[in-house]
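Listed below are the structures to be examined.
Each of the next two complexes has chain A plus one other chain: chain B in the first, chain C in the second.
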Partner chain A sequence: MDTPSERIYLFNRLAKGWAVFRENLMGKIGLTLMIIFALMALASFFTPFLNPMYDPMTGVDPEISHATGPSLRHWLGTDFIGRDIFTQLLEGAKIAFMVGLSAAFISIVLGTIVGMFSGYMGGVVDTLLMRLADMIMVMPSLLILLLLSALFGQLNIWLIVLLIALLRWPGVSRVIRAQTLTLKQRPFIEAAKVAGASHLRVIFRHIMPNVLPLSFLYMTFRVTSAILVEAALAFLGFGDPSQVSWGMMLQWVWKTGHMFQAPYWLLPPGICISLLTLSFYMLGRAMDEVLDPRLRKEEHSD
Partner chain B sequence: MKNKLHDHAEIKSTPGWLGFLLLVLLLATLISCQGETPEGLLRIGLPEEPRTLNIWLASDANSRKILTQIYQPLYLRDPKTLKLVPWLAAEDPIYDEEKITYTVKLRQVKWADGSDFTADDVVFTGNVIKEFKVPRYSSKWKAIKKIETPDDYTVIFYLKKPTAVFLSRALTAPMVSRKEWEAVAAEAKTKDKPLRSLQNHRVERPLGTGPFVLKDYKGGAYLHMVRNPHFFGTGQRIGGHLLGPYIDGILFKFYGTSDVAILALKKGNIDMFWWGLQPGYLDDLTRDPDIAVFHNQKSALYYMGFNLRRPPFDDVVLRRAIATIIDKDFIISRILQGYGTILHSVVPPGNQFWHNPQVPHYGDGLNHEQRLKLAYDMLKAAGYSWTEPPVDPDGNVTKGKELHLPDGKPMERFTILTPPADYDPRRAFAGLMIQEWLRNMGLPAYARPMAFSALLQQVKGKRDFDAFILGYGSLNLDPDYVGTFFYSKQDKERGWNMSGYRNKTFDTLRNKQRGEMDRDKRREMLWEMQRILLEDVPYIPLYNPDVLEAARKDRCSGWVEKVGGIGSVWSFCTVKPIGS
Partner chain C sequence: MLFRLAPGDPVARMVDPMWTPEEVEYVMSQLGLDQPIWTQYLFYLKNFFSGNFGVSFHYGEPVHEIIWKRLPNTILLFTTSTILAALAGVFFGKIAAWRKGSKSDTWMTISALVCHTLFVPWFALMLVWILGYKVGWFPLNGIISPEIWVDESSGFLVKALDVLHHMLLPLMTLFVVQMGSYLLLMRSSMLGTLKEDYIVTARAKGLSEKVIRNHHAARNAALPVITSIGLSLAFSINGGALTETVFTWPGIGKELVFAVSNNDYPLAQACFLLIAAVVLTANLIVDVLYAYLDPRIRY
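Let's look at the complex of A and B:
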């Protein structure tokens, strides 16, 4: 499928994009932050092997059985039953990535497909899909998740991910639909049709490659909202209790009465949530510039 | 006053805008004056609003906190000795062994509206409880054949058979007045569902004999009670306390979260927060010189229960193995932060007379590895096997994988239902830790926090569960509940026997101890019942938490500490405002 010339084109495009990205301070900060968090998430796989007390959920310090401040053994201190806060923070990074990326990925897949079909087909299909999107778009996702977990008891983390994804695709689909509408009028689509390509082929072979960059851009923003929704849910006590997420850590601080007593426990998860969402947002803004030359500053435009 | 008049005089001669400004200032001072609390008013923070003021419906803690200040029983437990002391009654009851009767003499008591409290009201209360089968009380009043009233201040209870728990359970029920309830009861009786109708009756002004009467209730904002001028206890010495009340009234305020209530306490907006504190707040509160923290025992039972009606928990070996794995020391020292005691029996050790210290203590004093090994040996001997056993051939503990039941099938995943962390973090955490311990053993355990009402529905209503962690926060000091919780006749929908435990020997003992009037003999039976239960472990008793409460030192003194904390009618009758 990939001809050498196509590959060279893609490579050139990436190289060019990277050159633009490198000039963008916001993007660089965002990327650095994200790499740090990714390393944290990776590190979380190894901590329990260091010492069983560095297991985020069950590992407790044999000598400490209450909340203590930072020390050499526990860089950020321990929580009220003697678990290491730094380990929990690493584990939280893993969960945040997991929740953020998978929810965002599912929602952009859904959003892109719906958007492309709706834009390309037009007519009744368009009306139906877009009215559905409108309906879902106006639903308050946090409230719905709260209601569902109140009804069905605690939700599993993957169910939460799926629900966030299901509630968050319409925004993506609107943008993709708009893009598809403009693409539809271009000669190369016309040419493909004349050559006898089926609708599916036109959509996936000719339209999709042109909307994908936009989808990925939207993915970075969706990651932010998914992480925030999960954190809010966990903080309010509706998270998955068998996962150590940052929102869950905040809930533990709150419910055990350490909110104003243990800043070393309260601040790290809060700061991490802000920084990680910020990093995805910054990355998104930088990508925006890469993809849309109109956003670039004058001196960088060619 | 003089100054204000002077201001008024001046307003006339000053320009309009200045007058307006002064008026605003005056108003502002007036409003801020209203915000100030009068000296004798005790302000109490509650975690939630009372759900009802109807005594027959009230089962939640907050409604009962309000209503126990209004409706009074014949006998009340002395806060120090925990013995029953006459309250509305004038003296201890006289028991006639031959006729099986209790004769109770009443005090000269008046209802809050000034009318007399008489033996007739006691009969009426008894009739309501019996006729409507009021859930909380009817099982205790069932033993009564008839009630006679030779005069206005004497009541004779004729029992069907000797009943050991009659005094402690039946005569501690709250008394209501015929005047308040007669018409309501008569109307409710004509309905399809009399009890429902009685409970749904909306009570605006509960009429009682207690130290306080309801003055004003603004839903969502506050509930104001003032001193009952007709309170019988004023000036009397009962249970070693000279009763007041010395305060003019109580103002209950409602706070959704502990954080807000504790801030209000620290700022001086409330004088006491009537709710157990999480140990996390303690450091901060003890540092405040104006706040006193009270630390008392509770008569409580927090436990893990199994569903014995279906496999795999119908096997006693599996239940014992789980009891062995659970590290109660860990739960006390870490999850409860040391504020609690380990429970080995279903009667807490604080209830010294009735607590049986010789019940089996599963895995007591062992560390995690030793517990795992012991449980492994128990299960292996009973025919359980593993894909990967938790103890390798060299005797080292590893992570076990996939437990197979004696019939060879792998154990299906099961859930341990717990209340959610925001309702009770301790039980939620205990569930989580137990899940992890069991998983190390190769048991596919899943702790699942669930909204409290849904959890009760699942466990008590539908009986659709594997295991759960629940608790009784204020157990009666009479251990009759041991029989109730595990009686096979209570294994019915909404019955007390949630595990579905059935044991004939146990049932016989349960019925026998109820009629045993000799305390020592009754204790022997109750000890045996506890032993049987802990052999069979339908419930694994976990812990008995202490109750931590806080009140302001600079506003009032004289709190009465007792089992269950400082909030009680005793405290409110003896608390004195500071500075008067």
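Let's look at the complex of A and C:
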């Protein structure tokens, strides 16, 4: 990747990809939505400095101790103990990005490695890894997380991220395995082997660069499912109690019995979750078409 | 077995603080909780294979009785929604693929994406709020209205309609959630099928477009949708548990969430084992069905 001509080639490819991407309606919608949410997440770092009552978790308006509707002071109103809903919403965007991106990243790293080994090695390794993948794939991840949180008490947010990742790699590894199987037949792999490259070197130096675009494509779909699972877990009351996430906000509306009285509180978190997951999903589908139109498969699986 | 490692002492839940230590010990020995852990495990294995899952800590009833009571409700809700969603998904996916690139295709695809990425509990809450509370067309939760069931004079039809009335909102939620993915899958599968040679042959034979669409393309394209019913079951079960919880629909999913929140290990365990068994069996059935429907597949 270091010679200038390769760099120009890469640049051209990116430019071409961007041109295809810009033509894509879904890609445009997805990217716009995502930028808005990213700005929200950034803003959440500054609100507590404006006034301590704008802290999403501990900030309580000294004059308000119950749920109130939108006002100038609180753009989206306050929750049942007088915390500002708008700042909670900003904080929720931060948590959603954190959970979504990190869980998706860990799961694609795992999935890619397993998929490459499985496809490259074949035989018993392949069978064992893929049967394991099948087993994890058909299990409802939310319910497994529920059980684990029952076993270990309240789960920390990073533990939730890790568990989501551990339950979500099989989809990626299947795709990567299929791709590795076709790559394995190509002459350059044969050449590398003849030149004396070890298995590990072939896998990481020759196969990995060719499957990485596919991995990153699947990362966008994983972000969607990770955000949804975390939100659902928080909604059921098994989230990290020290973090304000959108699922947690919905749980507060639901459990404190405000859902019929406080639409200003019920609507925003749900709309945010649905739109953010939608934006990642649309971005993924748009990238799908940019990378390879023939790859439209498996995206339904979760 | 893993459940015994969990924090939260189930005995503390049942035991009245007024009891004497002897009474507490008696209850413990009745439940077998005073035995060493490996004896408990052997008992567990024996009971597991004889279909005895123990007594629920919360209800004080045998777990299998609770499960038998809840299972029909879940099956009713789940199969109805899955069948309706798959049919609708195949139907609209077929049309979307047939009119690829048109305005109706774009809208159908985008709405399917929205359905697929929707946050289930929130959507359920919105339905309750708008259709249940604001407009008042549907009951807010539960499965039956007690006053109808207590009334001796109400016949079977009235009772059935009552259940249906309660079922519509959860059904709508699950239907919307599941339909999105079936539509997307059918669309992409149909797009692949339309490129096949036999479609060209059908055109060349002069068959009408409708016949080509419905008999030649859609039939073949629907096959992957059938497999996906098995694969996406995990996704639907997550959605189902959330839907049941929000609507307090007395099914397995709601019972599992409830049992987990209340440290009711025997119940949680049995619900989870049941769900795992259902998922594995369903995938097996789907594989067999697929081979039966598609003669090209031979194992």
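By definition in this document, the second predicted complex is superposed on the first by the 291 of 302 C-alpha atoms of A that agree within 3 Å, B and C clash if a C-alpha of one lies under 4 Å from a C-alpha of the other, contacts with A are read in each partner's own complex, and residues count from 1 in each chain.
In this section, a residue touches a chain if its C-beta (ideal position, glycine included) is under 8 Å from a C-beta of that chain, and two chains touch if they have at least 3 such contacts.
Model, not experiment: these values are computed from the prediction.
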Practice task
Determine, under the contact definition given at the top, whether A:260 touches first (chain B), second (chain C), both, or neither.
Solution key: both
Handout entry: Touching partner for A:237 - first (chain B), second (chain C), both, neither
Key = both
Practice task
May I ask you to decide whether A:58 touches chain B, chain C, both, or neither, giving the answer as first, second, both or neither?
Solution key: first
Practice task
Pick one for A:66: touches chain B only (first), chain C only (second), both, or neither.
Solution key: first
Practice task
Look at A:81 in the shared chain and tell me whether it touches chain B only, chain C only, both, or neither; answer first, second, both or neither.
Solution key: first
Problem - chain A residues touched by each partner, larger count belonging to chain B or chain C - result: C
Practice task
Scan A:281 for contacts with chain B and chain C and give back first, second, both or neither.
Solution key: second
Exercise for the section: Using the superposition on chain A described above, determine whether A:150 touches chain B (first), chain C (second), both, or neither. Expected result: both
Exercise for the section: Applying the touch criterion given at the start, work out whether A:178 contacts chain B, chain C, both or neither, answering first, second, both or neither. Expected result: neither
Problem - Interface residues of chain A shared between complexes with chain B and chain C - result: 150, 153, 236-237, 254, 259-260
Handout entry: Touch list for chain A against partner chain B, complex
Key = 57-58, 60, 65-67, 80-82, 150, 153-154, 236-237, 241-242, 251-252, 254-262
Handout entry: Complex contact set, residues of chain C against chain A
Key = 2-3, 5-8, 106, 110, 113-114, 116-123, 125-126, 128-129, 133, 181-182, 184-185, 188, 191, 228, 230-235, 237-238, 241-242, 245-246, 253, 256-257, 260-261, 263, 268, 272, 275-276, 279-280, 283
Completion exercise
In the complex, the residues of chain A that touch chain C are 25-26, 137-143, 146-147, 149-153, 224, 228-229, 231-232, 235-238, 250, 253-254, 259-260, 263, 266, 269-270, 273-274, 277-278, 281-282, 285, 296-297, 299-302
Fill in the blank from the handout: chain B residues touching chain A in their complex are 258-259, 262, 277-281, 283-284, 330, 333-335, 337-338, 420-422, 425, 428-429, 432-433, 435-436, 446-451, 454
